[in-house]
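In the two assemblies presented below, subunit A is common to both, partnered first by subunit B and then by subunit C.
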Partner chain A sequence: MNSHSAAMDNSLQQYLDLYDANSRAIDAGCGAPLLNAMRPGARSALEGARLPERGDEGYERTSVNDMLAPDFGLNISRLPMPVDVTASFRCDIPAVSTLMAFVVNDSFVPSRTLEERLPDGVRFMSLARAARECPELVEPYIGLGTGSCPAADLNTLLLQDGVLLHIGRGVRLQKPLQLVNIFSSSTDMMAVRRLLVVAEDDSEAQLLVCDHTQDREHRYLSLQMIQIHVAQRASFELYDLEESSALTSRISMLYAHQEADSSLTVNGSTLSGGKTRNDYRLDLDGTGCRTMLAGMAVATGDQTVDNSSEVLHHVPRCHSDQLFKYVLDDKSNGAFEGAIRVEEGAVLTEAYQTNRNLLASSDARMHTRPQLEIYCDDVKCSHGAATGQLDQQALFYMQARGIPQHEARVMLMQAFMADVIATVRPEGLRDRLRLLVERRFHGRSSATCADCGAAHNTDQVCSSSI
Partner chain B sequence: MNDDILLKVNGLHASIGDKEILRGIDLTVRRGEVHAIMGPNGSGKSTLSEVLAGDPAFTVTAGSAEFHGIDLLALSPEDRSHEGLFLSFQYPVEIPGVSMVNFMRAAVNAKRKYLGQEPMSAADFLKLMRSKREVVELDGKLTSRSVNEGFSGGEKKRNEIFQMAVLEPCLSILDETDSGLDIDALRIVAGGVNKLKTPETSAIVITHYQRLLDYIKPDFVHVLYKGRIVRTGGPELALELEERGYDWIKQEIDNE
Partner chain C sequence: MEPTDSNIIDDVTSGDYGSKYGFRSDIDTEIIPPGLNEDVIRIISAKKEEPLWLLDFRLKAFRHWQKMTVPDWAHLDIPPIDFQAISYYAAPRQKKAPGSLDEVDPQLIDTFNRLGIPLEEQKLLSGMAVDAVMDSTSVKTTHRAKLAEMGIIFCSFSEAVKEYPELVQKYLGKVVSYADNFYAALNSAVFSDGSFVYIPKGVRCPMELSTYFRINASGTGQFERTLIVADDDSYVSYLEGCTAPMRDENQLHAAIVEIIVENRAEVKYSTVQNWYAGDADGRGGVYNFVTKRGLCRGVDSKLSWTQVETGSAITWKYPSCVLAGRGATGEFYSVAVTRNRQQADTGTKMIHLASDTRSTIVSKGISAGHSQNSYRGLVKVAANADNCRNHTQCDSLLLGATCGAHTFPYIDVANDSAIVEHEATTSKISEEQLFYCNQRGIPTEEAVGLIVNGYAKEVMNKLPMEFAVEAQKLLQITLEGSVG
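Up next is the complex of A and B:
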C-alpha cells in the first residue's frame, strides 16, 4: 500500500490511490465480473468523500477514519494463506459441527467435506466463485446497502471474496450452519469481506458466525458487509459472535431486507476485541414481518464497542424488537445509537427498543442515544435506555450468604445478559453463549480459536478437510 | 464460662455518612441462647444486624465484636457467613436472572471451599435442597425461579429461613422476620426457626411485637433506643412493652 504524508487528513485517499494503482490486479484476484463491475461506481461515489470521524453525527465514540488510518496490508494478489489454521481449528459448540465454513483473512477456504455434506438446495460457498458460477443468485442482492456510506463503498471497491449462503425455496435446515472468520497473518493486515445471505420463500436457516484472531501480535482490521435478504415467509437467524484480540478492529455493516411474513433474528455479541463498530440497517418491506435485533457487549481494558441500528418500518403490521446490553469495565467505551423509523402508512406497527448498560468501573463510559421517529398513527412503539451500576444491595445480599464478592459480581453481570442470551433460539448455541459470556466475566476470554477449543474438555473436534 | 460465649459486642459505634446510628452497643450472646431486641422505629435495630453482617454501607467508628473468639469486624461479609453468621433480611433482595438453585449452590460451595471441602455433587445438593425446603414448607417451584423475584412477602421470609436451614449457621440474626406475615405464615416461619434450633446455636430476634416471641421464646429481651441497649430483662420485659409501649422507657432515658 502506498504510504502518504501526515498532511492528509482523511485516510480514505490512501485506499483510493491503492485502487487506482492496482485496479487490474484487484479485478484479476477477484475473478468475478459481477463484483468487478461494481467497482467503478463505488470509485466515483468515493471521489471527494470522507470517512466519518469521532464527533460526526452518529459517530459519537468512533472514528472510522482513524480505524482505517494505519497502513494495513491488503492481500491484493491473493497469495495463498496457511491452511493449517483451519486444519487445527477446534470447536466445541455442539450442534454446529457438521456444516462449517472458514474464511481466513478475506479468502473463503474451499472444503470438499462441507460441499459433500450440504443438503440439496443450500449453497454455502465462496462469494467470488458464486458470482462466477451462479451470478443469477448473487446479482439481485449484491447491491443491498451499497452506496449508503463511504465505508460500504470502500468495501465494494476493494472486495475480492466473501461468502454466499443461499437457502433455496422451501428448504428448512434443522441444524445451524457455522462460519468462522479467522485472522492469521505474518504481518498487519486488513480484510475486506462480505457475507451475502439469501433465504428464499418459505425457507428456514440459522447461521453462527464467529470472528477470531489467531495471534495477539499483529494488527488486524476487518471491513465487512453482511447482506441479508429474507424472502416471503422465510425465517433466518444470524448469531454473530466476535471474540478477537485487542489489536483487532472491526467495521461491520449489516443490511437486511425482509419480505412479507418473514422472520429475522440478528444477535451480535462482542465478547472481546479492540475497536468494534457495527452498523445495522433493517428494512421491513413486506407486511407481517417479525424482527429481533439483539446485541451484547462485554468490554474491558481500552476496548470500544459501538453499535448503531436503524429499523425501518415501511409497511403495515410488522413487529420489531431491539435489545442491546453492555457491561463495561476498566476504561472501556460503549456507544449505542438506535433508531426506529415508522414511515407513513405503516399502520399497526409494533416496534420496541431497549438499551441497558452496566458500568463496572468508574472509568468506563457509555454513550446512548435512542431515537424514535413515527410518521403515522395507530402504532405501538416504545424505547428506553438506562445506564447504571451493579445493584449494591443484591451484591451484599449474595455476600451475606457466603458468595465471594468477585463471584457475586460475575453472577449479577451474567444475569444482566440473560435476556440477550435468551434471544438465541438453538439450545446448544444458547448454552454455549452463556458459557462463553460467563468465562468472559471470569476474565478468561477466548480471543483465538485455539483458546476456544482448548479451554474446554471435549471430544468434539471440528476440522475442515481441504 | 467464656467458652460458651458466641458473640461479644463491646461499645460498638457505627455511622452511615455523617449520621451516627449505633452509639455504644454492648451485647453478649452465649451458645444456645435466644435474644430478642425490641425498640421503637429508628432506634438502630436493623443497623445493628447489618453492621454485624458486614454491610459496607455502614462504617464502624468504635468498639469491637468477637464471634467465637475471632474479630468479626475484620472479616468480609462472605467470611462472616462462612464462620456461621446468618442474617435473615428484613427486606430480602430480588435478584432477577439468578436462579435460586445457582444462588444456593454458589453459597454452599463457597462455604465448603472456605472449610477446605470439595464442592457438593449435583445429586447431593438437590437432595439437600429438597430436605431443607420441607423445614419451611417452601414450594419447589420457587427454588427454580430467580432469587425472590415475584415472591410474596411471606414467601420471601420463608425463603430466608430456607437459606438458613441450608447454611446451618451457629448464630442467626432474624431482622423483623415477622413483618408482613399473616398468622399462618408466622407459625410456619417460627416453626422452622425452632426446628433448626440446637443447644449449640443461638439467635438474635429483632421484632416490634411480642407476637413472634410467643413462638420463639427468648431468654433475654433487650430494648434498643437511640443506638444503645437501654434495658435488658427476661421474657416478661417483652410483655410489659406490649402492654405499656415504649414511651415510658423513652421518657426515663431522655430525662437521665
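Up next is the complex of A and C:
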C-alpha cells in the first residue's frame, strides 16, 4: 500500500526527472527557441506542485495524478513513426473542405495539398515551424491564460510540436477546416499536444477536430491544450470530437479569450474513449461577446467523462450559454462541474447553464456541480441540472405503436441529444454528428475516419437518419 | 427630497439591530477562564455533575479535535479563530435550580420579554413549551408537566443526562459523530447544555416546542446540543430562535442538532436565527458554525427543516437529512439574508440511502451591501436506492452592486431510477416590477419590501404561525430599516 501510494504521489516527479535529464534533447527535438524559452518558467512553476487527485475540490471523479502515473513512452527524440494517414483516414464529410491537417501522436504531418490550397491570410501549420518562421504570430498568444494549472505547466514543459491556426484580419472561410489527431504506435505512448487558434479582427472560421486511435492494443494518453484567441468582431467555432479507444485517455485544457463583440462556439463531444477530462476556461474580456459552450458525452463500459467549465464575465454586456448533456450506460462514470463567474462591474450580463443527464444502467454514476458566483447585481443568470432516466410513458407510447423497445430507447436518446447537436452550425457537420451519435447509440463506434464512412454508405446514412 | 433608488437600497439594507435586539443583560454570570484543555473539559463535566461515560465521550472528542485542522473549503473569509481565547462555559449564576418562575432572576425574564419571547402567561396562552438557553445553560423549561402526562420528555440536556441517561447514551452522537467535522468535534468536547426531546410512540405533540438561544457574556462561545428523538408514528414541531447582544469582538457559536425519526414519525424543525451580525464595517458579530443533521431511519418518516437566517457575521451550516428508511421524506426551506459585511455559506444535504425516498429543497438568498451569500447543497443517491426523487430550487436576489450571490450544488447520482433536478436563478429586483408598483402608487421603498416579502413567501409559509410573525418582522428589520 505504501509503495503504491508513494508511486502515485510522485507521478509528476517522473516527468520532472525526465525533463531534467533530457532538457537538451527536448529543446533540440522541438527546435523552436520561442517554445523552448517557455520551459524553464514551467519547470520552476512545477517545483513543489502536485497534480490534482480525487478528493480535491473540482476533481471528484478524476485523478489527473493517476492518469499521468503510468510510465508512458514519450517520443522526445522525435523518432519518425511512419503512419500512412491518407490511406486509413479518408474523411469525407461532405461539407468539410479538403483543408485537413493531421497530427500523428504528437507531431504535425506536413502536407503539400494543404499548403497549396490554403487561402490567403490563413495559416494552418506546425506550431514548432510557426514559432520558428513567424514567431510574431505565436508569441503574443502562446503564454496566455493558462493560470496556475500543473497539467498545463506540464504541457508547456514537454511540448515539442503542435498546430497553429491563424486566420488573418477580415478573412472569412466558407467551409470548416479539419484537424485529425491520430494515435498510432507500436508501444504505449503519451502525446503532448497543443492547438493555438488566433482569429484576427472581423475574421470567421470553423474548425473540426477529431481524436482517433488506430489500434486497440496500446495505451495512449493525450495531454493537450487548446488556446483560442478571438479578436474583435471575429467569429470562431470549434467542434471537438473524441472517438478513440477504451485504452486512450485524454486530459484536455481549453483556454479561450474573447475581445469585444466577438463570437465563440465550442462544442466538445465525447463519443468513445477511456478516461476523459476536459477543462474549459473561457474569459470574456471585451464587451458584447457571445459565447456558446456545449458538450455531449455518450459513455459505455468503464468510460469516464469529466467536463469542467468556467465562464468568466469580466466586462458588461456579454452573453454566454452552456449546455452539457450525458448519456451514461454500463459502469460508466460522468462528471460535470460548471461555473459561471460574473465579476464586479460586469453589468447586463446574461449567463445561462444547463446540464441534463440520462442514466441508462444501474451501475452508471453521475456527479454534477453547477455553480454560480456572482459579484454584481444587474445580471440575469441561471443554471439547471437534472439527472434521470428515459420517460417510461414515452417508451410505452412508442412500444404501443409497434416500435421495438431498443429502437424506441435509441430514438428517445437521440432526441435527448438533439439540442447539443443543434449547436453545430455547418449543416453537413451537424448531420454527420447526428449520424455518429445514432451509430454510437446502436453500439457501433467510429474510431477511424474510415469507419465513419459517410462516403461509402451514403444510402444507408440517409435511410437511417430519417 | 425624493429618495433615489440607491439610497432606498441603503436604507433598506442598513436596518438597525441595536435598538431592537442589541441590549446586554447585566446578569450575574459565572464564567470559567478562557482556554481549552482536558482540565477545562473536566471542569465543565464536573460542574454539570455528569456521569463518567459522558466525560469519556467529551475527552475522546477533544483528543480527536486536537488532531483536526480548521476546514477552509467554504466560500467564506474567516479570520483565524483563537480557540484558546474563548471561555467555554458561562452560566447565569444561581444558587440552586429554580423551582418556579418566581425564582428565576427577574432580569433574565426581562431579557426574554424584550426579545419578544414571553416565558410566562403569553406562552401559556399560546400553548408553546419553551426551553431558553442563555449562554450555555438552559434556564427554564415551561410546560413540562403537561408534556410529561403524554410521555413527552422536553428538558434541558443536562437534566436529560441525569434523569434519562440510558436514552441520551443510546442516541448521543449517533447522527453527528464526534469525529464528523472540526466544529462538531469541538462541540462534542465542550458542549454545555441544550435541549432534549423524546416523543414516545404514537404521540402527536400538541404544542410547538421551542428553544431560545442567547449569547450574553462577552468572550464566550456557545456550544449547545439539541437531541430530538421521534419514536414510531409520533409528530413534533420544534422551533429554535437565536439572538446575541452587540459586541465588538466575535463570538463563536458551534452547535449540534441531532434528530432521529423512526417509522412514520414526522419532525418539523424551524429556526429563526438572528445572532448579532456585526456593524456596518464588519466589526464583531457571531460566527455561526453549526452541524445539524437528521436521520430518517424509519419507514415513511419525514423531516422538514425550515430556516430564516438573518443574523451572524458568518453563517456556515447545512441542515441535512439522511433518508435511510424506505419512503422517507426530507425537506429544506431556507431564507438567508446577508447585508453589510455578512457572509453566509449555507444549504443542505439530502442523502438518499433507501428506495422511494423524496426530498425537496427551496432556498432563497437575499444579499445586500458588501455581503457574500452562498448556497451549497449536496443531493446524493446511493446505488441501491431506487425511485428516489429530488427537486431543488435555489434563487438569489441581489440588492446592490457590491454584494455577491453564489450557488454550489453538488449532485451525485448512482442509481438509474432517480430523478434529480436542480434549478437556480440569480437576478436583481426587476425594473419592470418596481415600475409596475410605482405606477400604482406604491413608493419604491414599499415596493422593494413587497417584492422581497413575496419572494420569501414560499419559505415563510412553511414556518409555524408563531414563528412566521416573528420571522416576517425580522425580515423587515433586517432589510427594510426605515421602510414599511
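The rule we apply is simple: the second predicted complex is superposed on the first by the 438 of 466 C-alpha atoms of A that agree within 3 Å, B and C clash if a C-alpha of one lies under 4 Å from a C-alpha of the other, contacts with A are read in each partner's own complex, and residues count from 1 in each chain.
Keep this in mind: a contact is a pair of C-beta atoms (placed from the backbone, for glycine too) under 8 Å apart; a residue touches a chain by one contact, two chains touch by 3 or more.
From a predicted model like this one, the values you see are computed outputs, not experimental measurements.
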### Query
Of the partners subunit B and subunit C, which touch A:A37 in the superposed model: first, second, both, neither?
neither
### Task
Once the structures are superposed on A, label A:A400 by its partner contacts, choosing first (subunit B), second (subunit C), both or neither.
first
### Query
For A:A21, is the partner it touches subunit B (first), subunit C (second), both, or none of the two (neither)?
neither
### Query
So, does A:Q389 touch the first partner subunit B, the second partner subunit C, both, or neither?
second
### Query
Touch check for A:T368: first (subunit B), second (subunit C), both, or neither?
second
### Query
Given the superposition on chain A, which partner contacts more residues in subunit A: subunit B or subunit C?
C
### Message
Tell me the contact category for A:D377 with respect to subunit B and subunit C: first, second, both or neither.
### Response
second
### Query
Which subunit A residues contact subunit B in one complex and subunit C in the other?
none
## Note on the structure
Residue positions on subunit A within touch of subunit B in the complex are 391-394, 396-405, 407-408, 411-412, 414-416, 418-419
### Task
Sort out for me which residues of subunit C touch subunit A in the complex.
73, 75, 383, 396, 398-428
### Message
Looking at the complex, which residues from subunit B come into contact with subunit A?
### Response
53-57, 76-78, 80-82, 87, 89, 92-98, 102-104, 106-108, 110-111, 114, 146, 163, 167
#### Entry: Residues of subunit A touching subunit C in the complex
57, 60, 344-345, 347, 357, 359-389
